[in-house]
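Letters A, B, C, D, E and F name the chains as they come in the text, with residue numbers starting at 1 for each one.
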Amino acid sequence: MIHTINKSPFERNSLDSCLRLSEKGSPILLLEDGVYAATKGTSVSGTVGTATGEHPMFVMGPDLQARGIAEDQVMDGITVVDYGGFVDLVVEHGTVQSWL
Amino acid sequence: MSEEIEFDTAGITKKFMYVNRKAPYGTIYALEVLEAVLISAAFEQHAAIVFIDDGVYQIKKGQDTAAINMKNFSKTYGIIEMEKEDADEDEDMDMVWRIIVEKESMEARGLSADDFVVDVEVLPSAELAKVMAEQDVVISG
Amino acid sequence: MKFGILVNEGPFTHQASDSAYQFVKAAIEKGHQVMRVFFYYDGVNNANKLSAPQSDDRNLVKMWGDLAKEHNLDLVVCIAAALRRGIVEDNLAEGFRISGLGQLTEVGIAADRLVVFGD
Amino acid sequence: MKFGILVNEGPFTHQASDSAYQFVKAAIEKGHQVMRVFFYYDGVNNANKLSAPQSDDRNLVKMWGDLAKEHNLDLVVCIAAALRRGIVEDNLAEGFRISGLGQLTEVGIAADRLVVFGD
Amino acid sequence: MIHTINKSPFERNSLDSCLRLSEKGSPILLLEDGVYAATKGTSVSGTVGTATGEHPMFVMGPDLQARGIAEDQVMDGITVVDYGGFVDLVVEHGTVQSWL
Amino acid sequence: MSEEIEFDTAGITKKFMYVNRKAPYGTIYALEVLEAVLISAAFEQHAAIVFIDDGVYQIKKGQDTAAINMKNFSKTYGIIEMEKEDADEDEDMDMVWRIIVEKESMEARGLSADDFVVDVEVLPSAELAKVMAEQDVVISG
């Protein structure tokens, strides 16, 4: 199972719920407004940093670019992918749980 | 209208999970997820209807929508309960339905299992995470 | 691999339809099959042929229709959600068809993966 | 007192339109004047005359139109938001008119209170 | 100025932002999914209890009823109003700030 | 089309505040609030364009939407800056425009005033609350 989060961690509870209800080791992909969770030096960096130790974490590059977040602003332990990479992740990890 | 297309699904049984995380009435998601669950019954699949976060409010007892002029659909969850009972009782049918509430979400809102219009399994998040990980299809509204 | 796609939001208002479109395109480019894109909730608004965005903006209604034509995609609009929101045969864009909610369950059963895009 | 109302969301999907409708009715009942209801963002979908909700559900498009007729309300749909979302003269419900976004600023200036309903 | 909040305090940050950016003494009306903030015994009751000491607080009765929240489940210090009461509050308190 | 109705607004100047609390691109609110602000300029009112919570991301530098195929409207905020300068310079015009960012929202997201495409006033929440309380009309998207 792969989890996707498309909501800002500052506005909604999707990230918290995903972290509470996903098994350790299951990958998490941040996309759309969810990519803000991947940036360094924010009030949720602690939470996200802990999550990178428990889940393979990915973030949508096109969504980062759109929002003006340079790749060197992405936290360590989070891999940048594009739409093709998103497809590959879904192929590899099975069922998709979208935390809308 | 374009030509109707149908896929052959005979003999395939999958585990479907319907994830409800939104409160009723403020938005339509709760109602339209419920409609999707009801339609799916005809396909005789496994189904777990799960209430997480504000989704637990969907099945709260005592809803009365007269003053906001909207349709009170909380009683319709009873149909899910009946589908579940039918599935449990019919040995010829390979179909298991579960109605699950996340314990942490329920407790954060000051609710208990007695507050709901249907009988539910209350699972702590760690157990619900395991059930979730076993699903074939997850539909979120 | 066979994919089913569920789109829960209308064009422009949320990015869900954009992301779904990009995902479908990428999946096809990688040689996968997209069996059906099912439009539910406000997603039915993706099929409103009267939609006329500004000339410097993307036109998602047309983009979905063109993609369907090119790759023989099955774009299905949920009839119950569509009736509520005023999407009917009269204003249905080319490439879409209106059908029942059972077609969502069906593609969930038939496809290897169902991917949901929404708000 | 003179009220202006801004509705940001479509019918059914969010409660915003319902709340705005109830507020307007209550204001009129109390003898206030509602100068204009302005529909912006997905709020323009409140004017889609093809909307056909289930018979046991409320029909907000018709309710707004009826209220406008009864109380001579000015229901204005933003043209820019409407074009994007496929709301045009062809599918515009009775009681609504399409006009520019300036009509929102205008009612903000002219009314004693502007009340916003949205998501 | 009167503030309105129509979002659940568990799902979104609207209540927190409203409390951070409203002046003491300015009234707050909870409506739609915002009414859940008014219920006793939740994880946000502490925050809301503090707010009742700093703001006159109101909650929409029709929205409570729709969601199955009895009036005796409403926290002390929060007054239940109907749509007419909402209109009166707006007339009395001037500009409306909707925390959407 | 029904008859066009216009109100006489000559000689009235009010304080308008446009509250931006949502991130760009994920939803359309940021773009459509911006369109409302631009149109309002013709009415020569006071305007405070405020960025709170995820709204601060709307004016972040370096946005490039090519890969998501959406319109990059971040440069359009420059027009607001020009309107503000025009209003500041023209003594005959009773029109003050302000562009305000809430300090707490900015800092929680690891941003500083240098990260924005326009010059902004950065105000702590207590001061912004005072400005907000003085408004005649608040438009939220």
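Heads up, the rule we're going with is that a contact is a pair of C-beta atoms (placed from the backbone, for glycine too) under 8 Å apart; a residue touches a chain by one contact, two chains touch by 3 or more.
Every value quoted in this text rests on a predicted model; they were computed, and no experiment measured them.
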item	value
Path length in steps (a step moves to a chain that is touched) from chain B to chain C	1
Angular offset of chain C relative to chain D [C-alpha, multiple of 5 degrees]	180
Computed distance of Cα centres, chain D from chain A, in Å	38
Chain D and chain F: spacing of chain centres that average the CA atoms, whole Å	24
Centroid distance [mean C-alpha coordinates] between chain D and chain B, Å	33
Junction residues of chain E, two or more chains touched	6, 10-11, 13, 32-33, 62, 82, 95-96, 98, 100
Residues within chain F bordering two or more other chains	21, 25-28, 53, 68, 70, 136-138, 140-141
Junction residues of chain C - those touching two or more other chains	8, 12-13, 15, 22, 41, 54, 57, 80, 114, 116, 118-119
Inter-chain touch pairs (all)	A-B, A-C, A-E, A-F, B-C, B-D, B-E, C-D, C-F, D-E, D-F, E-F
Chain E-touching residues of chain D, taken from the complex the two chains share	1, 3, 8, 15-16, 19, 22-23, 25-27, 29-30, 32, 113-119
List of chain F residues in touch with chain D within their complex	1-9, 12, 14, 16, 28-29, 32, 35-36, 39-40, 42-43, 45, 136-141
Touching residues on chain A, where the partner in the complex is chain E	10-13
Chain D partner contacts - residues on chain C that touch it in the complex	10-13, 41-42, 45, 48-54, 57, 61, 80, 83-88, 90-91
Chain E-touching residues of chain F, taken from the complex the two chains share	19, 21, 52-53, 102, 104, 125, 128-130, 132-133, 135-138, 140-141
